[in-house]
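Submitted below is the structure of interest, expressed as structure tokens.
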Amino acid sequence: MLTLRNINAGYGDFQALFDVSLDVNAGEAVAVIGPNGAGKSTLMRVISGMIPATAGQIEMEGASVLDAPAHDIVGMGIAHAPENRRLFPRMTVEDNLRMGCFMPQFRDRFEERKDFVYDLFPRMLERRNQMAGTLSGGEQQMCAIGRALMSDPKILLMDEPSAGLAPVIVQQVFSLIERIRGEGLTVLIVEQNVRQVLRIVDRAYVLESGSLRLEGTSDELLQSPEIQKAFMGM
Amino acid sequence: MNSKLLIAVIAAILISLPFLGLDSYPLHIVIVILIWSFAYTGWTIMGRFGLVSLGHGAFMAIGGYVTALLWNELGLTPWIGIPVAMACAGGMAALIGYPCFRFRIVGHYFALVTLALSEVVRQVIIATRNTTGGSLGYTPERHGDGWSIMALQFDDRVVFYFIALGVWMAGIVIWYMVDRSMARYALEAISEDEDASAAVGVRVTKEKMKVTMLSAVMTAFAGAMYCQYQMFISPDTIGGVGISLQIVFAVVVGGIYNALGPTIGAVITILLAEVLRISIGTSAVCITDKICLNAAGVPLLVYGIMLILFIIFLPKGIVGGFADLWQARFNNGAKSGNSAKSIAAK
Amino acid sequence: MFAEFTEALFSIFFVETLINGLLLGGVLALLSLGLNLIFGVIDVVWICYAEIIMLGMYTIYFLHVDGGMPLIAAVACGVGVTACLGWLTHRLVIGYLLQAAPINQLLATGGLLFFFQGAAMVAFGVEFRSLGVSLGSLALSEDIYLSWTRLLSFTIAAGVVVVLYQFLARSYLGAAIRAISQDREIMILMGVDTKKLYLLTSAIGGGLAGLAAALLALQYDVHPFIGLSFGPITFMICVMGGLGNMVGGFLAAFVFSELITIGGYFAELEWGYVMAFVFFIASMFVRPEGLFARKS
Amino acid sequence: AAGKTIKIGVIYDYTGPLAGGGSDLQALGAKIMIDHINSQGGVEGYMIEPIYADAQSKPEVAINEAVRLIEQEKVDMLLGFYSSAQCVPVAAKVDSLKKFMWITTCISPAVLKGRNLKYVFRPQVHGAMFGELSVDFLNSNAQSKMGIDPKKLRVAIIHEDGPYGSGVAGGNEAAAKKFGMNLVLKEGYSATAPDLSSLVTKLKRKRPDVILHTGYNPDISLFLRQSKEQGLRFKALIGHGAGYGVVDKLYDTIGNDIDHVFNVDPVSIWLLDPNSLAPGLAAVTKKVGDEYEKAKPGVTVKSAHVGMAASNAHVFFSDVLPRAIKKYGGIDAESLRKAALETDIAEGGTLLGFGVKFPGAGKSDMMGQNTRASPVVMQYVGRKVYIAWPKALQTIDPILPLPKSSPYAK
Amino acid sequence: MLRVEGLSKHFGGFTAVDNVEFSLERGEILGLIGPNGSGKSTIFNMLSGTLEPNAGSIKLDGKEIAGASPHAICVMGVGRTFQIPRPFRRLSILENAALAGYYGRAGAVTRAEAWRSAEEALELVGLPTDAAASVDMLGAAGLKKLELAKALATKPSLLLADESLGGLDHSEMDQAADMLKNIRDELDVTIIWVEHIMGVLMRVVDRVMVLDHGEKIAEGRPHEVAANPKVIEVYLGSDAEETAAAAHRG
């Protein structure tokens, strides 16, 4: 479904990604793991158009993502819940969700999607008229994921969704990801919580210093001593 | 060239300027530039820390009017009048600054509160026209034949040149003192994040107050100097929003983050205004006999375009921009780039 | 002195002063509407807003007086021209400064302010021009009259506030306009073309300036410097109402105008402005988020 | 002595609010006169080399330009100045630089009063004279025309608060007190005030019979418009020059409502009966008028401003300058000053009709002021300008009080 | 050394912290946990003076500090980190810490002393101490460390660490946890530590306090808390076993 070929990207003179190629198949859940500063978030940003790629190709269901204007990428079914939530702090929770539905083709289904999100996160329903900036960290994460789900995407990019969440919520988020998968959604997820994420994804890529080091099914990686040592503190 | 030597050479040039056959009028322009430079430097003392005041017209007006009123009404010599005026400006800065800082009024809000202050002072001067002359303006009374140390009036331009030069240098020294002080670090931090600064022990309100009052007092001094030199002030020449904006424009053109930025800003804006007015001035160009273009508007038009271009392409001002170029040439470290990092970069 | 004061207070003319204030408030409210959208909502500073109004007034003047166009059509064209100017302001100036500090935007549009004044002077000269249209006034009693123009300003301002409020609160576009000042970068993730959105908002803001220009042209002579009389006040109104708060801005305009007229009634006109500005400063201290901001 | 020139710095406002308020018309008048003199071959072998400068409606720019022209351009003298706010500081500055200054326009008494300036001369009427004349006119006509005893006449004085408005209003007040009139309100306002409704309300409350108004342009039309809309009624309105002198504009702005308003100003040179003037002057008047038409095609009523500057400049070129050159041998400040002090032009000797005579050294607290200048009271009727006072020059019997046709009529 | 009684904070009608009471011994590390939005950061904000409590008292070494201004509290010896790092980007790394060392320490401090304490703090957390190093070169982990260094440079007796491990990868997390222990042992600093990563937290802390909806629901030794059914229900969920294991290891 989503294919990346030889992607290079960076910030100004600084190159953060070197020839990264990866594939995500429809219905799959794929994780990208790696140490701090490896370029994981950069990868997500390139896919969703927040920063341009300097070389390479990205295709979504056969259509070129890089050729589309950045703001049309959501319309291709790619939603991105960015690192650090990035909500609109002076807007209510509900307005934040509304923004997730901004593109004209999504607007009709606003009510339906909203109910879906409130169903997923009852806490959001409770706080729907609170300014997003005053939510607690975990609540903000829920809101951010909720906002990304509003466009009923085909693939959801999640950048460290568990960061700063309480263990129960982390579990909820992970089981949620499984549920989302169950509904046929494809997921590409960046996580530090390697142990847990490998339990729910099919495959994972390991990114280090901007290049792909390893790739494999989650079982392979869970067994790999290298991974265990580097990412699970064993 | 060694920088001490450079400074010495520049100082020598500046000191000998009146004796190098500089005509009276250029000398007049130089004096005006020096006085304004001092005011601009005063603004930068706080402006570089994100405390964008549009109220300095008020401080300048207080400096000029208090000094002149005390002289005319009470016969109080400017030697006392100027310190009193500076104290008044400092008091006014405290009066407006304290609540602003206490209640976290920053950014746009601070700019507009101070803008309101400059309008208040201007309108009060106009409304009290029986004393201040209102829009008519105000002239300090001449003392005798116009030469008096007691009255701080000198008919000789050269004398005033040296006074202005001294004042200007004092401004640069003050700038460096602030730049080298620990307060500078605190204020840089405050300008980014007040909570985080307070959390490491910085007394946010106090630090802001100190620098604001210093800036106001300097500006008031510039106002008093301007009054003593021109022997005429009016609410529009040294007060109000117009002057406040003029200060900010000049400083931005010159560069906020460098000691010489305000001076260069003064040189450029004042010379530009002079040149444009003199060269294009007063003619009307008629395309047909019905349609005439009024060339008098051209200086304003050109000034406007220059300003826009400057801000888009040289946001750190001339001095800042050239400092960056210089650094890129010699690639000597990121350190000084740090202090000069533009707020625009945020 | 005191007798004079009480006499003034209990005279019918004090009532007239209050009404005058209300009507002036309508004018100020109209002037600050578009600015409130640009400055308050999308957080872009256009210090040249009043100058765009000035150019709108010229457009209406020339089309109506010289071009012989019916006033309504001229106003429509005026709105179109100012909308274009708003669009251009963003396209040619602000667009390059979105990443820059707000102060740089303020200064660049300050450059635009000089440019507009200079251009108006070059093209139109310094003469005062007047539409020469007067809508007359409505006599309430022998002593009290209401100016139709000001009543009209009042009504239009109120109408536009309601429309704008609904637009911002209820529509997707309105939500996007509110969102863009809070996190520009991620607007892309919402599928928003930020460039287009800015340009659109700027054009709306500019168009509102044209509307204000129409009403202003009925009451004031056009000259290149007319913006100076209104610029600072409109900014303060936006802030006092709570940035981005359309209704707040509307109410703040009336607080301002009442202070101006009442102050001017009891003393020299300037004291009215002094009172208004001092009140503005004080209100910032009491309610920095704006006098009429909702508590959240 | 061919090939000699006298360099003259000519300063008016070409930009800023004052430009449209009359200053650019004054500048035009001065320019027409200078070109005229040059086309006649100059003065006593001297060609005039004008250097025009823009004071931008700002006093500090005026000071700057004055200093620049004197010190940098080395002009021999200065001529011009529209705004009294500029004249006040500039006159002092120029005098201290010992240069000659010939003021064509600005009228504030404050420019000269009590300052004992040596090199500054003003053939122009001064502000207090304006103020006195309007009150004098009222005093003479109130009883006969309006049936009100002047002592019972309710008079309100409003004025822009610059030196010009304040100066005129000072004259109004002094004269009104002298005649024992009932002064119900005197108030200044800033010419850039965006709203005058409070002032109008105050006036309504004070119910004046007559309003004496001094202002520039945007404020005058704003005042008249708001007065009409708020239903201010009075029996007469007397303006004092500046904005009230730009007749065309007033009709454009206010329409026929401006009918029957009075204006105190030096007379428009085109209104005077050519026969009342010294021989030769009528031709000059016509010439100025022709040039004016060339520069501004299509004006219906020629503004008094142009003629005023032309006439006052004419006095200098035709009287003072020749004497300085011939009798005192030069164009230095001292010679010009001596020549000016000897000026003695009788009534009817200038385009404006009045004479010129400056007080002798130390003889007055207003050194440099033309003691023979006098304005007239004009009345606007049907887009035409008539002289209503003094009686000797009358071209119309003043229409007083306002006829019922006026929206302002009581 | 710290006694907190009846501490409450309301936002509008919402109670973020409700009548919380606890105390700390010198040299202790207290783990503060609880679901998102349970009021942990709000408690930190009140302890550090950033927020004023609606009710309650906070006594530091017997002195009331509730409602005092943040800078005063900092000088009295309370250092804090922010959950989301708030570095001063216009200052270098060293200057960031030096600023804290100059203004945040009690008594008169010379510049040299400030710079010395800055260098010490940076070394302790493992950040470069050269004068030119810019904040921009720091990644998420580095910024977390800088937060700690700034707090440490003020020579605190009480350190409030708010999610200092958030966003760190596994190896760095372990280092950071050891570092906190080090800080306590070597600098004699009392610590309150907020964290959601139980595997690390439970190993390091002496005592744990659990908040839910602004109320204290449990307090005790790590293994006791890890076994508390209420805590498991509202907070730990299926991680309880792992958490308990970590608690025993600590």
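The chains carry the letters A, B, C, D and E, assigned in the order they are written, with residues numbered from 1 in each.
Criterion: a residue touches a chain if its C-beta (ideal position, glycine included) is under 8 Å from a C-beta of that chain, and two chains touch if they have at least 3 such contacts.
On a predicted model such as this, the values are computed, not experimentally measured, just so you know.
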item: Neighbouring chains common to chain B and chain C, by label; value: D
item: Steps needed, at minimum, to go from chain A to chain E via contacts; value: 1
item: Contact-richer chain pair [B-E vs C-D]; value: C-D
item: Taking each chain's C-alpha mean as its centre, the one farthest from chain E; value: D
item: Most distant chain from chain B, judged by the mean position of its C-alpha atoms; value: A
item: Centre distance in Å when chain C and chain E are each reduced to the mean of their C-alpha atoms; value: 49
item: Centroid spacing, where centroids are CA-atom means, of chain A and chain D in whole angstrom; value: 77
item: Chain A and chain C, separation of their C-alpha mean positions in angstrom; value: 44
item: Where chain C touches two or more other chains, by residue; value: 121, 125-126, 268, 270, 296
item: Junction residues of chain A - those touching two or more other chains; value: 134
item: Contacts with 2+ other chains: residues of chain B; value: 126, 129, 294, 296-297, 299-300, 346
item: Each pair of chains that touches, named by its two labels; value: A-C, A-E, B-C, B-D, B-E, C-D
item: Of all residues in chain A, those that touch chain E in their complex; value: 34-37, 84, 123, 134-139, 141, 160, 163-172, 192, 194, 230-233
item: Complex contact set, residues of chain E against chain B; value: 48-50, 69-71, 74-75, 79-80, 82, 86-92, 95-96, 98-100, 102-105, 111, 114, 131-132, 134, 150-151, 153-154
item: Complex contact set, residues of chain D against chain C; value: 14-17, 19-21, 24, 187-190, 192-199, 201-202, 204-205, 217-218, 221-222, 225-226, 228-231, 249, 252-255
item: Chain A-facing residues of chain E, complex; value: 11, 33-38, 41, 83-84, 139-141, 163, 166-174, 196, 198-199, 234-239, 243
item: Partner chain B, residues of chain C touching it in the complex; value: 39, 45, 93, 96-97, 99-104, 106-108, 110-126, 224, 231-232, 235-236, 239, 243, 267-268, 270-271, 273-274, 277-278, 280-281, 284-285, 288
